[in-house]
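One chain, subunit A, links the two complexes that follow: it is found with subunit B in the first and with subunit C in the second.
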Partner chain A sequence: MKLKRLYSTFKYDLDLIEKELENAVCSNSTLLQNASLQLLKAGGKRIRPVFVLLSAQFGEYKIDTIKNVALALELIHMASLVHDDVIDEADTRRGRPTINYTWDDRMAMYTGDFIFARSLEYMTNISNPIAHKKLAKAIVEVCIGEMVQIQDKFRFDQTIRDYLRRIKRKTALLIAVSCELGAIAGKTDERIYRRLYKFGYYIGMSFQITDDILDFTATEKELGKPAGEDLRQGNITLPALYAMQIPELKAEIIKVNEDTNKEEMQKIIHLIKHSGAIEKSHLLSRRYLDKALHILQELPANRAKRPLQEIANYIGKRRH
Partner chain B sequence: MGLCVNEQKIDLIKAIVERKLHHHFLSKQIEFPVIDEDRILMLAMAVNETELPDTQADQYVTSAMLVQVALDTHEKVTNPLSSMKERQLTVLAGDYFSGLYYRLLADHENLDLIRTLAKAVKFINEYKVSLYQFELDDIDTFMLYLKRVETTIIEQFCNHFNFVHYHSLFTELLFFKRLVSEWEKYKNGHFSILFEGLKRYTAQDRMENGQNLESICQMYIEKSKTVLLEAMRGVGTLPSILQTRIVDLVNGHHFAT
Partner chain C sequence: MKLKRLYSTFKYDLDLIEKELENAVCSNSTLLQNASLQLLKAGGKRIRPVFVLLSAQFGEYKIDTIKNVALALELIHMASLVHDDVIDEADTRRGRPTINYTWDDRMAMYTGDFIFARSLEYMTNISNPIAHKKLAKAIVEVCIGEMVQIQDKFRFDQTIRDYLRRIKRKTALLIAVSCELGAIAGKTDERIYRRLYKFGYYIGMSFQITDDILDFTATEKELGKPAGEDLRQGNITLPALYAMQIPELKAEIIKVNEDTNKEEMQKIIHLIKHSGAIEKSHLLSRRYLDKALHILQELPANRAKRPLQEIANYIGKRRH
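Moving on, here comes the complex of A and B:
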């Protein structure tokens, strides 16, 4: 089932956000506008705006206010993608050429900075200082997370705790903050927005673990890159960490480097897949998901609860 | 106006900015950013006229400096860096510094200044794209955009605090410095957007044919120097530190052949 079908109830507001995103990247520079639109048109799950809108349902749902948070969060995400493509020297994103590939790194840096500035402009339409303090803290943490990821490359002695802290910063924080800020913009009380933060955090953790499992289990066609590419690039994810608990496997895995060829990678992937590491990773992902669903039960009944539950279940079952 | 800003104040703010920029991992991996003391001086003059408590005013100046450093850091990504890791971390460092500016102002609950600086960043990146992708019609517009890239943060910050008396002086000072820096880059064999622009637009105009690029650049630098000195005379009394700085800059620049 497509994720978008799960939140069809909010189609009108999501369409509005989509239109506003196009307005957000309007620029006096035609090239800058085209570059931003190229990224925008490549689509995406718009998971952050969805969480903002759904969380705001727990308070006063005023789309003219809430949309500012939804736009800000999606723009921050977009800006980070543009810069990530420079970091990864990526040629394509979602099957389309990246900005750094179509133009150059300079253009990508300027586009990312432009989009980030636009996100803050939208965010300043929210007058509650708590929202800004939380978002600003999260943005800084996300940047630190990315730096730590580079620091941790090929560090085979890292712990599962290191990994969990890293994916919290890399993925879970922005999803958690999307839920939290949606609720804050909807003027819910603190008890509610704190719970929604936790819901988003657990969902984000589960989502990233699933992503990391798929890197070993999905096909090259599904992934859009060769399987095991994260490990070959030095990103030690949960399945690899679990597999390395078996000394014989650890001895094989620590040999991986950027020059490891496809055949050797296939062998390593086979070993990891048959070590029980994938099942253990699924279990942890499931535990986070269960925690998210448990938090959801503690929230008051409203029309957002069911879509949130369905999104959680979708994430749990996702195959690519 | 802003006359009480002195060396100690600049040193104090510079130390605050340096502390904010320091990150145990980053600082070991990439070159520590250059902090332009002239910019600190201008920003400090702008907040000096307000009723703000000193510590708060210093934090506002720091936030604008963090924005400038973030933009300058991302400029380095476009230059050849020694390693892939350094390049990756330079991208992230710029993002991190931008995050720090937002966090600093969010902690001070100054949403208006967040908006002012975000707008400045938006404009600057528009100017940069137009400059580097040669989207502009003629050399005059090209020079204007080059100037705006340098001056928009200071200009917007000063406007925010209703400090407009020194507008022409500040903008020309920053422009002069940029022109000189472009000249030096070119003379040292590095890429210079100014010379690229001169090549492209003066050839298009056909008016400047026959003149070589260096002499056109010198002409712009001399023109900027004249405007700068006129602006300095126009504002009347200046903090001695700024006066000395301008005189040193103007006298210190010679066209090495």
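Moving on, here comes the complex of A and C:
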């Protein structure tokens, strides 16, 4: 698999970041440390650090500086996952018990706060005020997005535009900022970091749409949760929105609520899968991906371009 | 009352900050905005902004710069209140319904996150990296402190040292940093901002001890909650710790739990009030206050010294 090969060329620096992530969540509160470590051990693709490192290649790649941005972005992401698991009442994440499940919601709230605070500490090693401004703005947007996501639950009359704005805040922004801040920390000029921001934004949009497609098309085993779970919890994603453009389908979909059972959900999933909505969603995801690849062409020759392209292609093809 | 007079000399700048606080919590999520505004309207002493403004007087007092620090510190404080209300399952704060009460815990969690993110946005207008480093470190400590406070609940074997470390993180640190960052934003030299940090730290310790005394000595009307509520909820404060130095009293106090009724609590409060624990607590609070006033003497002549002294004296005498 291509992504693995990409990771192997960065193995040393990524291992360093993985080690530092462990340090980051250390504290003299055993309880807090155990909670944070549990989350850390659950792993993840560390996609944000990868984007930070690759983007920094377009400037001066000094790992001792760059690592602070990579750590900050991954920690912010982790903190948001902890709080999201509270909202979603999730018992597991990546097959491991969540903090709210092992302890309780309140413990999870403070653990998220703590991890977030730690991320700020790493960021203070970056002197360029532009980086701080851009990050703070993005975090505010992410928070607003989380709130809007609650408000939008089971709002079947929402538009595709609502959906796109939501996934921008939920996913694309932090990936865009990972690329941008990696470049800024590498002291690239503005034209380059602006393009990398856009690259990250398009990649993030494509990534989230694919994620939302997989919620309908992947198996329960691949997902680690039943298919269609997003919809059953009121999170109305692109395939559902496309399917609802057909009135007969809309009539069925708007009946879904948290009490909808597995059998009924499977019927709904079957309808959505055979409505053309999945293909249309793939098309939009592909369009964002093409935009990302196009931006990449505009960037100067650099050894990071090939791996960035590989990530883009991986996202286009990923199955879970 | 002296404090009111002090505030009146800063009225213009404090009004500006109050207005900006309203802007700060604006967002295109009505729900989020309403929640944040509800908290804002509940008011508060705005003690952190006052310390920021006064400390900045020791350097170049430029309100357009300084206000960012004042806003950031007050917003961080507000965010922590929102999350604390979730932990404490509080229904009201300053006589108004809490966010977790009006909406729910999850709404309160995200509102706290949002307000915190906004505070960062204001801080990015401060260019001195030292300010950011000091603030980030303090926030991490505050988060650890919140977690430790949960762990220490009903831990009747804790020491006075444990208590002092806890109130440092809970209260004194952010007040110390308010003074320090106000001075740093005013570009004072290091000797001055270090002293102001210490001043704030001592004031904060004294303030919190007084708060913890009042929980036993003030009336239900003054407190807005029954007396002894801290202890009943397992938050073991200085008067209780001093009282427990008497074995017969300890035997009574360790029986307290969340089911202890009002009558039983009043008996316990009576015992504590007549054990000498209140006087001993006042003595320690006074010692911190004297240290604060002593530091003030060491600071250069400045029109901010008198109001800082007045705040210190107010804290020494306040009754609720």
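List of remarks:
By our rule, the second predicted complex is superposed on the first by the 317 of 320 C-alpha atoms of A that agree within 3 Å, B and C clash if a C-alpha of one lies under 4 Å from a C-alpha of the other, contacts with A are read in each partner's own complex, and residues count from 1 in each chain.
The definition used in the following text is that a contact is a pair of C-beta atoms (placed from the backbone, for glycine too) under 8 Å apart; a residue touches a chain by one contact, two chains touch by 3 or more.
Every value quoted in this text rests on a predicted model; they were computed, and no experiment measured them.
With subunit A as the common reference for superposition, the partners subunit B and subunit C occupy clashing space. Once chain A of one complex is fitted onto chain A of the other, the partner contacts of A:Q151 extend to both subunit B and subunit C.
In the superposition on chain A, no contact is made by A:A251 with either subunit B or subunit C. After overlaying the two complexes on the shared chain, residue contacts for A:H83 are found with subunit B and with subunit C alike.
Using the contact criterion defined above for the overlaid structures, shared-chain residue A:I160 touches neither subunit B nor subunit C, since it reaches no partner. Residue overlap on subunit A between the subunit B contacts of one complex and the subunit C contacts of the other covers 27-29, 31-32, 83, 86-87, 105-107, 109-114, 116-118, 120-121, 123-124, 127, 129, 132-133, 135-137, 139-140, 142-144, 146-148, 150-151. Touching subunit B in their complex are the following residues of subunit A: 27-32, 35, 80, 83, 86-87, 103-107, 109-114, 116-118, 120-121, 123-124, 127, 129, 132-133, 135-137, 139-140, 142-144, 146-148, 150-151.
Remark: subunit C residues 27-29, 31-32, 83, 86-87, 105-107, 109-114, 116-118, 120-121, 123-124, 127, 129, 132-133, 135-137, 139-140, 142-144, 146-148, 150-151 touch subunit A in the complex. Subunit B meets subunit A in the complex at residues 23, 25-26, 70-71, 74-75, 77-78, 85, 87-89, 91-92, 94-96, 98-100, 102-103, 106-107, 109, 111-112, 114-115, 118-119, 121-122, 125-126, 128-130, 132-133, 135.
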